[in-house]
Structures are given as structure tokens and as C-alpha cells.
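Here come two complexes built around chain A, the first alongside chain B, the second alongside chain C.
Right, the complex of A and B next:
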């Protein structure tokens, strides 16, 4: 194999890992960064997105519309969860972990009871192409583009829209924002819905690539948490660079020793980074700035 | 001798509920009942009761780390698994002769404590805060599960012990007491019941003493306000690390006893569901008191058992609902909530009488 195909293979694997890490983490990072809430039901929002996407595609919708439905459905469930549970726990961040953990149990087992142990998947679209001796799935490149698109869209949302300005005001000094007439409760609801929707989007995007089972959330949740822990509270200064670094670790270790070692690499990375940068990359960057 | 007495005086204090002759009389009564219980029951039922006791240790470990120390750990099931597998590997390789099983028990628990010390060093000396602690420990647990899950192949063996992936490791010898007329193996029966009951009482009393000592007060001070505890001159990282290691050892003990009880352990004992169950018992029972934790765990566990028998698939959903409702309505747990409610009633009576 010559250098060019080798480089392409490495780049492709990096992009694949990067997309997975960023897509599964950004919803979690938005909720954690903005609200300080750790959402352990994140994986179940992803599962919800994937299931709704698959169901609507089976019902005859084209895949992009199905993914949209999955995103919206997760966002809707997110609003419900925020209203019923999360809203009452803002003063007790540790308890949000426990409560969302309970929600995740309910969602996993509830899905198992309602839908059954597995759901018919959706075929991966677009087929594949050949570089050197290996064939690559085009859809993975679409996923990479989607990850970049999500990061761009989030940047635009938080920097260029009225909601973004109000949301950032609410994170920085909630009481001041409330005093100036911002409906902080509404902002929190919308932010949670946004995070849940992003989780649903990740689920919808990955629905064609994996088997749909009630416990599929667990596949995402570890990568998502590792990315958020390393990245810290900020999506752009944290999640995106953390996704980049971890993608190198993961794709490198995976191609060296297989999938499991990719994940062990992530774990070792998180333990080391946490020892050196307790507040993650964004905490480090922001400390340097002030 | 006086030091010894001082230690005993720590059995009650500000960090544990249940004080005075009334409480200890009740304690003696419950203990006597537990000791007499096998006389009125058959070996099979008694063996099943041991299963409930096994889980109390891991619940106590969570009460210690989370309830008293204020740092939520999802890693308890990881230590549970490490010690469980450790016991299996040791005893399958070296057999059960000359009381080795008890040495294996201690070694396995020490193994869990060692891993916890290593992990805890990185976490606490890196000063990661409560929420991140939960995530890192969860990541460790899930990773361990995934690692063990892929060890089904014959190349994954340590000595004579096959790790066996999701098929689980089995056929390790039970705890065995060396005796003159030949060793006595403790199967899930009356013998094991008394051994585990003894351990449970010892651990419970020892933890009461620990929590009411100066060490326990510092731990609670760290939970209440870490900065203040630090300003008072305590190196909070050391205290947190020690608590974490003790907790891991207790979770490990749970793991060993579970393995001994069923002579079987699988990676699923480290999965998401397994990690969530102790959390539910402790949260629902009342995490910030040892007695409440023990009572809560036994009650919720037996309730869960009954649910699994009668409405198998709904049991987990029900548990999730119970957990969410407890967090929302009675943040201190149901047992503590009920105790506080009764205490309030009693004081009101007294005030009315006065």
C-alpha cells in the first residue's frame, strides 16, 4: 500500500471517529455547559431519535425527513423531561445525575417492553467507493460533514441569534438576566430541548449504521461523556478540540489493536487529562484568557 | 485499654442516627432474630437470604462515599467485579485447601482497593469535582464490562481460570473453613449465612465507629463545604482518597461474597443496570445514614425480588420511577424521610404535653 492510500485510510478513520465523538457529545455538552446538568439519559435520547427515524423511514418517509422527525421527537421528549423532572433539581446538580439515571432505566426497559428486543434497521444509503485495496462507505463522509455542520450551526445559534444572546446571558449571571426581564425558565427549557434534539439528531444519523436495540444508548454514552469531560463546559473551545484529539487517540489505537483498545485509549486519555486539566480544555483556555 | 473503650464510645455520635438504650435494645432484638432465623427455616431459603446480605456491603460502600463523602461514584460495581473475578482466578488456580479461600477473599478485596487507590489518586489529586467524578467512574465501569465481555476466547485465561466472556466464570470453590475432621465448605446454606451475617454486623459497627471518629467528621465536613474544610487545614484529597479506597474494599467484599454465593460471575455484574441498582437502594433508603442504608437496601431489594417474580419486565421500570420520585419528593430517602417525620410527630406531642 502506498503512502497516499495509507494517509487516506488514516484520515477516513479519523473523520469517522471525530464525527461519532462530536455528534454523540454535542447535545450533552450543550446541556452541561449551559445548565450544569449532567444528563445520564443522553443515550436514551439518542435511542429515541434512532427509533423514531427508523419508524418514520419504514412508514415511507425519505431518510433526511426521518432524521428530522427523530430530532424533533427527542427535542419534544426533552421539553417534557425538563418540565417534569429537571426543573425541580437546578439547586441540586448531583441529584440530576441520579434522576436522569432513573429516567434512562425507565426508557431502556420501557422501550424493551413496548417495541421488543430489536427493531428493523434502515439500510445504509449511498453505497461505497474504492481507494487502493479497501472500500469506504460514503455515508461515513456524510456523517463527518454533518458533525462539522452541527458545530457550525451551534456557533451561529449562540452567537448570531437573539436566543443565543439570551442563553449566554442566562448562563453567565442567571439572576441578572432574570432581573433584566429574560424568562430564564423558558431559556433553560429551550436549551434542554436543544440538547435533547441534538442527541436525537445523532441517533437519527447513526440509525442506518447500527442495530437498533433498547440498550443502544450505552454505545454512545461513554464516548459522549469522555468527550465532554475532556472538553469541559464550552462546546466550541472544548467539545470540538476534544473530539479532534480523542479521534486521533481512538482511530490510532483502533487501527493498532482493535475496537476495544480504541476505547481503552479514550479511558486512559480521560484519566490523564483530568489529572492535568481538571476543568477540561475549555477551562484551561478560558483560564489563560482571563 | 482506654483507647479500646474510646473506640466503642464512637458507636454512636452525631454522624449516625439511632442512639441510646432503646436503639441498641432494638438492635440486639433484630440480631437475635437474625441469629435464630435459620432454626425456623430450611437451608434453601436461608441460602437465598444470604443473597440479600451480600448486596448490603456495596450499598454501605455507596453510603460511605456518596452519602457521607458527597462524591457520587458509579465505580462500585467495577470494584465489585474486580474482586469477584479476583477471587475466582485465585481459588481456581490455587484451590481451597488450608483455608486459602479466606486468604483469596482478602487478596481479592485488596486488589479492588489497590485499583481504587490508583484511580482515586488521579481523580482526587486532579481535584475533579463531584459531577465529573461520577462520569469518570462510570467510564471505568463500562470499560471493564466491555473488556470482560470480549474475553470469551480460549486465549483469555489466567492460569487454569478461563475468563469466558459473557458466559461467565464459574466453578470456583466456595469459602472453606479448615477443620480437624476435614475442611468445611460453605455453600449457599446455613453455614455461609452465619459467616456473612457476622461480617455484616462487624462492618456495620466498624463503619459506625469510623464515621463518628474525627475522620468521619472531616469526611462530612468535606461534603458540606470542601473549601471550608480545606481552610481549616485538612488535606481533603487524602481524606477523599481514603474514603474511596475503603468504599472500594467494601464493594469488593460484596463482589467476592456474590461470587462465593453463586460460584459464578459475569461481566453483566458491571454493566449499566448492575451499576444502577445499588444506587437505587441507597438513594431510596436514605444515603446519609448507615442504618437507613441497611434497612432501605434490604427492603427495596426484597421488594424488587418480589416484583421480578410477579411482573418481571416491569420491575426495572418501577425501580426507575421509584428512583425519580424519591429524588424529587424525598431527597434524603424514604427511610430517613419516615424517621424524620416520626421524630417531628414525637416532638410535637411532647410540646403539646408540656
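Right, the complex of A and C next:
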């Protein structure tokens, strides 16, 4: 009985860490992992999703619809950003760092000026359940399920749909794709919007559990980059296993020595992986296959 | 004429200076006050009110004729919740803007970042924030509350009401560490025991593991010393996991108005000792609140730090008028007399000459299930006695140092 309780608690902590890592990272995995755009404004897309979700819930929409609005709003902002800024920088990946960093500063400060320093929260739905001596939030299980769902949906999108094939072709050999009649500009726009939308989804999903402030994106960004760097370019073969490994590292270190060691564990993991597998987990897996 | 206007505009554009001097005083030599507060970044929610409070007090003082006929001019910089910005702007206000006094700082990390610069350039700074206590520095006046005011009242009350097993969840930097040391000390002195203690790095927003640790330790109540907006996510997450333990804090509600930001009942049974919050139902408090809201109708909450900042400027006015000078050494002679007092919105406050900290009325605020505030207890005129009793005496010696219970000042 006691062992079952302990096992469940370890599993729950793992799932919680996994959901946070994967949901933080999936948008970045598309934009940075696949497209090579180093998107330092990723946290601000998350913030945008969270703010729109909270605003629409305050306006009376139910939470799932609010999250959908947050996702769509972020995707729409993603399209605008791609058209106005990113599109001109595909040949200069390092410059995307400066451009997106600037965007992130503008977004946080702009939100501060327009909306103020905080926004009222929406409250976490579903309540709690009891296992042994511990009670747990049900919503955290929903987050875990959402992380799995997002990974599944991305796999389906990039492997089973026409858009997925065109996107992968465009990203691997853009001029060949263009020569074969693919509208690569449109594909780039849509892929970027997809990444931004995923960031917005993460923001919307976490909005009920967090303080809504203009700088909230910053709390996701370290986890997101660590996961994508360890995972490598492929969303499904990279982000998912990276999320799993890092969740074990993070939840294990956190329960052993506290939050600080959880963060240290992530950073040590990234150092080791980058040293041993410079192209991340997916690079390793794909090389073995071919 | 046009040239001087242009120069003024340029100076304002360059420095972001907020000039409150109206035309009538423009010819006078203004008293310049530096205001370094976090108007953006992780701490902005709690600190924007501090800037507004100083603007309100400066406007009132200027309308009433300034200090000794001299208008107040505020030189305001946004320190962006960033310690290096504090150092940069502190140098700038002291060296280039040549201000007479500075009102600066929210987090203890930022205060300790700028304090050596104030000492080095011989400045005069007001720290208008509650904090972990122990700064014995003649260049500083502290108007915020300290542990002997907030914990010596709160922790025994909680132990009597709920039980003697205490769990501390604190931010992992000097404020959280030293405050946790105070909690430990007071719990032990009152015959209680620590069920656990956990330190959270700033910026952490996910608390599932901490929530489980707390449930495992089964404390009678949790002392939350969480700082910044990210860490405030704890309340929502603990509530949704149904932790359901009473909480005690020296920082929440009074600074970050978490009871307004989070959906009820996530802050149910939170107890906070604060020297001011907007719910305090006294004529003085209501008058202050009304003035504040009239000038800043969009202010989300008038918090403890806003009141501390407001009264700090009035205390400064009194000190300058009595010293007949803005010179710090002359002002400190006035403080040394031990009767620098005022009727603040919270009640009567006085500056303690030994530590240059302030006495306070401490209100015990309790958050109800619907997030309404009640005040089960009020302690009047609690002195900041610890530093003075431990051996800090700024009227005789200025060590310019911070002390803790485990590292007290050397006895004279």
C-alpha cells in the first residue's frame, strides 16, 4: 500500500515535470528545432496565449474555448511576426536572436503598459483527489494528457498530412521544394504560426495555475530551450524522449534535494548531452536508422 | 527662453525625469529626490504603487509650498527588477543627478546591491520596504517593517491558534534565508518544532513537489516567504491540490495583493502581519486611500510599501525642516534626538535613533474563504528593537553592515 502511494507520487511528479517540459518546448521545437529560427520571443508567445485565455474566460467563455482563443491568437501573432520580421532573416539565423529578443522586450513592456502589471487569475478547475496521505490536483493530470495529445497531434500532422510532407520538404531542401512548385513562403509562414500557436496553447493550459504577469514567459524559457537542445531537430523523436529523460532528472533531483537541484540537474543534463550527442537525441536516433 | 525650454525638454527626454515643480517655484532651487523602483520585471506588481505614493506625497508637499520653500523634484528611473540596474542608476543619481536623497529598492538583493554605492558616494537612502532586518547603516533610513515586528507577533499567534509544527517555504536568497532563520528562532523560543523548510529559487513557478513535501511533513501551518510574481503561483497550485493548511506570511497580501489576483478560495486562512493595507478601516487610512485612488484611479491595490513610501517622504520633509538643511549629517542629528514621529495612515510611527528603522502599528490580516480581509488582532507601536538591543547604535558608530540573528553586531 505504502509502496503504491510512493510509486504513484513519483509517477505524478514525473508526469507533472514532463508536461511542463513538453508543453513549454513543443512550440520552440517547431520554430527552433525544425526551422532553425532561434526564437527568444517564445516565452512571450506563451504569455500572449495565457493572457488571451484569461481575458476570454473573464469575458464569460468556458476555459477550453478560452484556451482555443489563446492558441489562435498566438498563432495569428506568429503569422504577423513571420511576415514582418522573421521572413527577412531566414538566411541569417544568428540575426533572428537579436530580432526575437527585441520582440520579446517590446512584448513584455508593451503588455505592462497596456494591461498593467498583473491580470486576475482564472482559478484551476476540477479540484483534487486523494492517494494515500497525499492529495493531488486533477488539472495536473489534464496537463499531462494534453502534453501527450500535443505530441501525438504533431506526429500526425508532420507525418500523415500533405502540409506535413510539404513542411518537411521545405525545411530540408527549400530550393528543391520551391522548384517542385511548393509555395515555400506560405509553408514557412504556416510552420511558424504552428509553433507560435503551440506556445500559445502552453500559455493557455498553464494560465489557470499561474500568476499572470507580463514577464511570465521567462519562467518557461529555460525548460523550453533545454528540452529542444537535448531533443534535437525532430519534434517527435526529439522533444518527446528529451521531455521524458529531463522529467526523470528534474523530478528526481527536485524530490531528492529541492527545486534548485532540479534546475541544476537540467543544466548538467544539457551539458552532457550536447557534449555526447551534438545533434541531440533525434540526431542520434536518425543517424542510427540510416 | 526657447533655448532653456529646449534644454529642459532634452534633459527630461534623456533622463526620464519627472518634474513636479510648478511654475511658481521654478525659480527656486529644488530639492532633488532619486526614486529607484521596479516599474517592470518580476517585482513590478508590488512596486509600482511605491512610485505612485512618492509622486502623490511630492505633489501634496509641492502644493503646500515645498520643503523650506524649495519644491521637490523627483528623478525617477525604472530599475526593472534587476540588481545591476540598481547599481547603475544609484551611481547615476548620486554622481550625475546629485540628488539630496534616494528612495530605492524592493528586494533585499537589490538593496544589498546598491547599499555599498550609497556608502561609497556618501549618499542618503530610504529603503521603504519590509525586509529580513539587520541593516545597521547610517546612510540608510528604513521605513518598512522588520522581523521583530512581523514574526514576533505572527508566529506565536499562529502557534497558539493552530499548533506548534511549522513548515517554511521561502524564496532562496538573502530575504528568504534570513527570514527563515528568524522563523526558526521564534518557533524554537516558543516551544514549537520545524516540520520542514524549503527554499525556492526566484522565478520558479511550478510547486508540485513542494506541495507533496508539505503534505508529507504534516505541519500545523505553513509560513510562506515567497517573493515575486512567479512564486505566487504556489497558492493556486496548493489550493487545487487541496492542501488546505493555514498559512502565515510577512510578505504576501501586504505587497503582492495575492487575495485580489487569485480566485477565491486559494488564499483562504492566510495570515499576514503588515503595517498597512488598503482594507484597514480607520479614518486616516481611508483618507490616504481616497487620495491615492483620486490621483491613480487605475492603481490595482494600495499596499504596505506604498504607505511606507508615502510616509517616508513626509518624514524626510520633517527631518529637513528641523535640520534646516538637506545635509545627511545634520539630518542624522535630528534622528538622534529620537522624536522624529508622524501620524501616518497606519497610525503613529517614530524613527528609532539607534537603528534608523521605524516603529509600526502591526495589523494581523486574515484572508477569508471569499478573500475578504479581517483583522483579528492589532499591535500598536511595535518598536524595531532587535538591532538596538543587539548592539547597533548609529548615534555612536556606523558599521555600514547587515546583521542576522546568527551573526549579531558586536556588543559595544
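Criterion: the second predicted complex is superposed on the first by the 289 of 290 C-alpha atoms of A that agree within 3 Å, B and C clash if a C-alpha of one lies under 4 Å from a C-alpha of the other, contacts with A are read in each partner's own complex, and residues count from 1 in each chain.
In this section, a residue touches a chain if its C-beta (ideal position, glycine included) is under 8 Å from a C-beta of that chain, and two chains touch if they have at least 3 such contacts.
Treat the numbers as computed from the prediction; the structure is a model and nothing was measured.
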### Message
With the two structures overlaid on chain A, would chain B and chain C clash, or do they fit side by side?
### Response
clash
### Query
Looking at the overlay, what does A:98 touch: chain B (first), chain C (second), both, or neither?
first
### Query
If you stack the two complexes on chain A, which partner ends up touching A:133: first (chain B), second (chain C), both, or neither?
second
#### Entry: First (chain B), second (chain C), both or neither touched by A:20
second
### Touching partner for A:116 - first (chain B), second (chain C), both, neither
second
### Query
Which of the two partners, first being chain B and second being chain C, lies in contact with A:225: first, second, both, or neither?
first
### Task
Figure out whether A:263 sits in contact with chain B (first) or chain C (second), or with both, or with neither.
both
### Task
Have a look at where A:124 lands relative to chain B and chain C in the superposition and call it first, second, both or neither.
second
### Message
With both complexes superposed on chain A, which partner does A:213 reach: first (chain B), second (chain C), both or neither?
### Response
second
### Message
Just checking: does A:89 make contact with chain B only, chain C only, both, or neither of them? Give me first, second, both or neither.
### Response
first
### Footprint overlap on chain A, where chain B in one structure and chain C in the other make contact
108-109, 112, 215, 218, 260, 263
### Touching residues on chain A, where the partner in the complex is chain C
9, 12-13, 16-17, 20, 108-109, 112, 116-124, 126-128, 130, 133-140, 208-216, 218-219, 251, 254-255, 258-260, 262-263
#### Entry: chain B-touching residues of chain A, taken from the complex the two chains share
36, 38, 85, 88-89, 92-95, 97-99, 101-106, 108-110, 112-113, 215, 218, 221-222, 225-226, 228-229, 260, 263-264, 266-267, 270-272, 274-276, 278
### Task
Within their complex, state which residues of chain C touch chain A.
40-42, 44-45, 48, 172, 198-201, 203-206, 208-210, 212-213, 215-216, 229-230, 232-233, 236-237, 239-243, 260-263, 266, 298, 300
### Query
Taking the complex as given, what residues does chain B use to touch chain A?
70, 72, 119, 122-123, 125-132, 134-136, 138-140, 142-143, 146-147, 150, 271-273, 276, 279-280, 283, 313-314, 316-317, 319-324, 327-328, 331
